[in-house]
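Here chain A shows up in two complexes: once beside chain B, once beside chain C.
And now, the complex of A and B:
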C-alpha cells in the first residue's frame, strides 16, 4: 500500500521521527561548515564543505516534507522552534574545537547511523518519504565512504594521528549511542509500515564501525543505549553546549522571524 | 564571522599541511551524458587514488549532470608539447584540412535550381541505359 499523505493519527509520531533525522543533519551540517577554509587540505576543504551542505540540504528537504502537513513553513520549523523542541542527538551538537579527528569521528558515527536510518525510510509506505529517502540514501553512501576513508587514513597515518583519532573515537562513543534513543511513537510507525523495523539496527551499526576501525588499526567500543537511560536529545533534553550552537544557527532568522527571504 | 570560528587558535600550527604531505596531482575528466566523450574538467591534488576519486566526484561530478568521472594521475599522462615537439605539420598541407564543406550544399542547390542540369541528367540517363 502506498500513501501520499500520512494518516492523521500518526502525524505526531512521524513528525518526531523526521525531526530527529532532520535536526541531526541540520546541526551536524552546521558544525561541519565551520571547517570551510580550515580543513587540512584544499581539496578536503571543498569536499567537507560540500558534504556539510549536503547535510543541510537533506535537513531542508525533510523540513519541507514536514511542512506539507505541519502548517508551519520549513524555515520556521528549522529555525523558529524553542531549544526544547529540537530532537537532535547530543553527538550532533558536540563542538570539535577545531580538532580534525573529532570532526571526522563525529561524522563517521553519524554517517553510519544515517545510512541505516535512511534504509528504514526507503521501505516507507508514504510515497514522498520513500522517494526522498531513496535519493538521500545514495548521497549518504558518498558520506560514509568519505568518513571511512579518513578514519583509515588517520588510523594508519602516524602515531600522532592514530592517537588523536583514537582519543576522539573514545570520547564520542558514549554520546554517539544517543542516536539510538527512540523517538516518541516510533513503534506505531513501524506497525503501520511508515518506517521499516530493524531489530539489528545497533548490531549493524556496530559491525560497520568495527569493520572500518579494524582497517584503520583503531578500536571502537560502543555499547547499546540502555533502555533505562534518561531522556535526552530525542525528548528535547540537550547538553549544555546545545544552546550556544542553536543560538548561533538561528541568529539571522531571529532578527526578523516574519521576514520574507 | 561565526562565534565558534572566533575561537580558532591564532597560531594555526596544527592545521598547516606538513611538508611530507606528499600530495599527488590528478587530472579530472567528466562525461556529462552516455555516448558523449569524456571532457577534461580540471585538476586536483590528493594524497592517494581513493581520495582523488572521491574529490573528483565531489568537485566536478555533482554540480552538473554527470554519468562518469575519471581521475588520472598527471604523471601517467604522456605529453607532446608544441614548444618542444612538432605536432602540427610545417609544410603547407592545408588541403588536408576539412574546410569548405559547409558551403557545398548551398552550391549544389544553386546548380540544381538551373533547369538545364535536370535536362542534362535526364539525357545522360537515357544514354546510359
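And now, the complex of A and C:
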C-alpha cells in the first residue's frame, strides 16, 4: 500500500522520527561547514564543503516534507523552534575545535548510522518519503566512502595521525551511541510500515565501524545505549554544547523571524 | 491559447543555472500539465532535482515561472519531486553532445564501461590525491568513479584519471587527461 500523506494518528510519531533525522543532518552539516576554506587540502576543502551542502540540503528537504502536514514553514521548523524542540543526538552538537581527526570521526559515526537509518525509510509506505530516502541514500553512499577512506588514511598515516584519530574515536564513541535513542512512537511507525524495523541496527553499525577501523589499524569500542539511559537529544534534553551551536545557526533567522528571504 | 507544445518549447529554451544545457535535455522536466481555462492557462511543471541539496532550485523555479508567465500562462506552479529519481541516463543525446562540446564528459547510457581502471593506475595524476599508496583507500574514496574508463571530452583519449569526486557542483567530478593534459569535468553517475 502506498500513501501520499501520513495517517493523521501517526503524524506526531512520524514528525519526531523525521525531525531527529533532519536535525542530525542540519547540525552536523552546520558544524562541518566551519571547515570551508580550512580543510587540509584544496580537494578536501571542496569535498567536505560538498558533504556539508548535502547534509543541509537533505535536512531542508525533510523539513519541507514535514511542512506539508505541519502547518509551519520549513524555515520556521528549521530555525524557529525552542531548544527543547530539537531532536538531534549529542554527537551532532559536539564542536571539533578544528581538530581534523575529531571532524572525521564525528562524520564517520554519523555517516554509518545515516546509511542504516535511510535504509529503514526506503521501504516506507509513504510515497514521498520513500522517494526522498532513495535519492538521499544514493548520495549518502559517497559520505561513508569518504569518511571510511579518511579513517584508513589517518590510521595508517603515522604515529601522530593514528594517535589523534584514536583519541577522537575514543572520545566520541559514547556520545555516538546517543544516535540510537529511539524517538517517541517509533514502534507505531514500524507497525504501520512507515519505517522498516531493524532489530540488528546497532550490531550492523558496530560491525561496519569495526571493519573499517581494522583496515585502519585503530580500535573502536561502542556499547549499545542502555534502555535505562536517561532521555537525551531525541527528547529535547541536550548537552551544554547545544546552546552555542543552536544560537549560531539560527542567529540570522532570529534577527527577523517573519522576514522573507 | 497556450498548448503543451508551447510550454515544452519555452522549457527547451531555459538552460540549467549551472551548465549550458536546456533543462529539457538535462532530463529534469518530469511532467507538464495544463489546467485552467483556454484563455487563462494554469501550468503545473514537475521537476527532478539532480541532487537533493542542489542550491540552484530556487533560481530554477523563478526562471520557469517567469518564462512561462511571459509566454502567456496565467498561473505557474513549479513542484520538485524525487519520484522518479533523476539520473544521468535521463540526459538526451543532444544534451550529451552539448555538454561534451562545453568540456563536460557524460557517462554512457545504461552504465559505464567496466574493468578499465588501469588507465588511472598506470598514469598517476599529477596533483595531490587523497589516500594514494593504499589501493583500498583510493578505491574506497573514488568508488563513484573508480574502474570506469572516462573519455576526455577534449581529445577523446581514455587515458584519463579521476582527480576528485567533488567538483564545482555536486553533480560533477574532476578528471585529468594524460594525453592532451587538460583537466575536465564529468557528470556523476549517481
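FYI, the second predicted complex is superposed on the first by the 261 of 261 C-alpha atoms of A that agree within 3 Å, B and C clash if a C-alpha of one lies under 4 Å from a C-alpha of the other, contacts with A are read in each partner's own complex, and residues count from 1 in each chain.
Basically, a residue touches a chain if its C-beta (ideal position, glycine included) is under 8 Å from a C-beta of that chain, and two chains touch if they have at least 3 such contacts.
Treat the numbers as computed from the prediction; the structure is a model and nothing was measured.
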item	value
Superposition on chain A - do chain B and chain C clash or fit	clash
Contacts of A:57 with chain B and chain C, given as first, second, both or neither	second
Which superposed partner A:221 touches (first chain B, second chain C, both, neither)	neither
Chain A: partner with more touched residues, chain B or chain C	C
Chain B versus chain C as contact partner of A:131, first or second or both or neither	second
Partner chain(s) touched by A:211 [first = chain B, second = chain C, both, neither]	neither
First (chain B), second (chain C), both or neither touched by A:72	neither
First, second, both or neither for A:200, with chain B first and chain C second	neither
Partner chain in contact with A:41 - chain B first, chain C second, else both or neither	both
Touching partner for A:142 - first (chain B), second (chain C), both, neither	both
First, second, both or neither for A:97, with chain B first and chain C second	first
Single chain B stretch clashing with chain C - from 6-14, 60-68 or 114-122	60-68
Where chain A meets both chain C and chain B, residue numbers	41, 43-44, 46-47, 50, 142, 145-146, 149, 153
Residue numbers on chain B that touch chain A, as the complex places them	2-5, 7-9, 15, 17, 21, 23, 44-48, 50-51, 54-55, 57-59, 62
Of chain A, residues touching chain C in the complex	41, 43-44, 46-47, 50, 53-58, 60-61, 127-128, 130-132, 134-136, 138-139, 141-142, 145-146, 148-150, 152-153, 156, 215
Residue numbers on chain C that touch chain A, as the complex places them	51-55, 81-86, 127-131, 134, 136-138, 140-141, 143-144, 163-168, 170, 190
Chain A residues within the chain B interface of the complex	31, 34, 38, 40-44, 46-47, 50-51, 95, 97-98, 100, 142, 145-146, 149, 153, 244-245, 248
